[in-house]
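The first chain written gets the first letter, and so on, giving A, B, C, D and E; residue counts start at 1 in each chain.
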Amino acid sequence: MILGTVKGTVYSTRKMENLKGLKFLLVQPVNGTKKDMLVAADTLGAGIGELVLVTTDQTTQYAVDHPTPVDAFIVGIVDNPPAME
Amino acid sequence: MILGTVKGTVYSTRKMENLKGLKFLLVQPVNGTKKDMLVAADTLGAGIGELVLVTTDQTTQYAVDHPTPVDAFIVGIVDNPPAME
Amino acid sequence: MILGTVKGTVYSTRKMENLKGLKFLLVQPVNGTKKDMLVAADTLGAGIGELVLVTTDQTTQYAVDHPTPVDAFIVGIVDNPPAME
Amino acid sequence: MILGTVKGTVYSTRKMENLKGLKFLLVQPVNGTKKDMLVAADTLGAGIGELVLVTTDQTTQYAVDHPTPVDAFIVGIVDNPPAME
Amino acid sequence: MILGTVKGTVYSTRKMENLKGLKFLLVQPVNGTKKDMLVAADTLGAGIGELVLVTTDQTTQYAVDHPTPVDAFIVGIVDNPPAME
């Protein structure tokens, strides 16, 4: 999974029907740059500046209750920045 | 998902039967370069210069009504360029 | 999908049984380098120098009629190099 | 699969229900940098500094007994750093 | 698929039960560096120095007879280094 920081919110009015109601957040991978930024769906209520775990591709489907065309999903909010030995 | 800008249209006459009628757009990831350009299917009617959300791999299949051999699909058109804190 | 140019053919005699008869082509992504080269299966008859659309991962399975262990498949031959605005 | 070294543990209290009880480890790919770091689930008991094999995406599901929204899973602990010819 | 050269063998005693008996090889992509090295399962008997085709992610499952948590599998041994025009 990707460890990243929430950097903003993405609003989209014209979108696929099965995406209605889903919140999209900009996430920048830890140690990455703006170039590595991705957009992930969120149902946990992650806030700007929080460190999150993002799962990708088909495994996102185990975070939702109906088939959803998103390839990145926030599945956890990290308690503290982990020590990296 | 990838946040990107629509840069052009790709036309293909000789293609898989189950791709007939599908529109293909060139999308350049925000903060990316031409080297990062990808081709995504579009049914939302995104136009050149618009900012879009692209889902990838198997999750594209939740954006179509029959199995389709495409690994990138435009699932939303972004209202405004998001602020990136 | 990847937009790339066919650069050569790859021959493999010792391979998985369910790959027999399938043609493999070297494809270099547009704006990419040799380092980005990948091998894609082809049933459309793409020739050296042609610009093609390649789908990847599990979505390749919608381009074949039986389960096939390939993660890149040529699904379209592009009419003309697209303008990139 | 990715060959990487365990660098730390990631703790998350607020997370998806189907992730409860699963341990998350920071893994840095061999020959990679901090920028390449990923987070993988672990049930084998890998320790800090150990060399591990990580499988990704949908294939992680064959390492668990119920659908789990994680895209990286430690599937083996490597005996010795492999010689690289 | 990835075109790569077999560089070594990876041994793992502590691993997932459904990986027992499977051989793991280090593969370096052609035109890539050590940083790009990956570990692929092999049942074709590829040897050190041989050029191979590696399929990735979920499509690996079409190279095995039971669900297996590996995301890279050697599906062909290449006859000769391909000419790259």
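Basically, a contact is a pair of C-beta atoms (placed from the backbone, for glycine too) under 8 Å apart; a residue touches a chain by one contact, two chains touch by 3 or more.
In this text the structure is predicted, and so the values were computed from the model without any measurement.
*Asks:* Nearest whole angstrom, what separates the Cα centre of subunit C from the Cα centre of subunit D?
*Replies:* Here the centre of subunit D sits 31 Å away from the centre of subunit C.
*Asks:* Subunit A to subunit D: how many Å between their CA centres?
*Replies:* 19
*Asks:* So which stretches of subunit E touch two or more other chains?
*Replies:* Within subunit E, the residues that touch at least two other chains are 57-58, 60-61.
*Asks:* Would you identify the shape of the chain contact graph, picking one of line, ring, star, complete or other?
*Replies:* ring
*Asks:* Output the circular ordering of the chains, read from subunit C in the direction of subunit E.
*Replies:* C, E, D, A, B
*Asks:* What residues on subunit C touch subunit B, complex-wise?
*Replies:* My answer: residues 1-3, 29-32, 44, 53, 55-63, 73, 75-80, 82-85.
*Asks:* Considering the complex alone, what residue numbers of subunit A touch subunit B?
*Replies:* These residues of subunit A touch subunit B: 7-16, 18-19, 24, 26, 33-35, 37-40, 48-49, 57-58, 60-61, 67-72.
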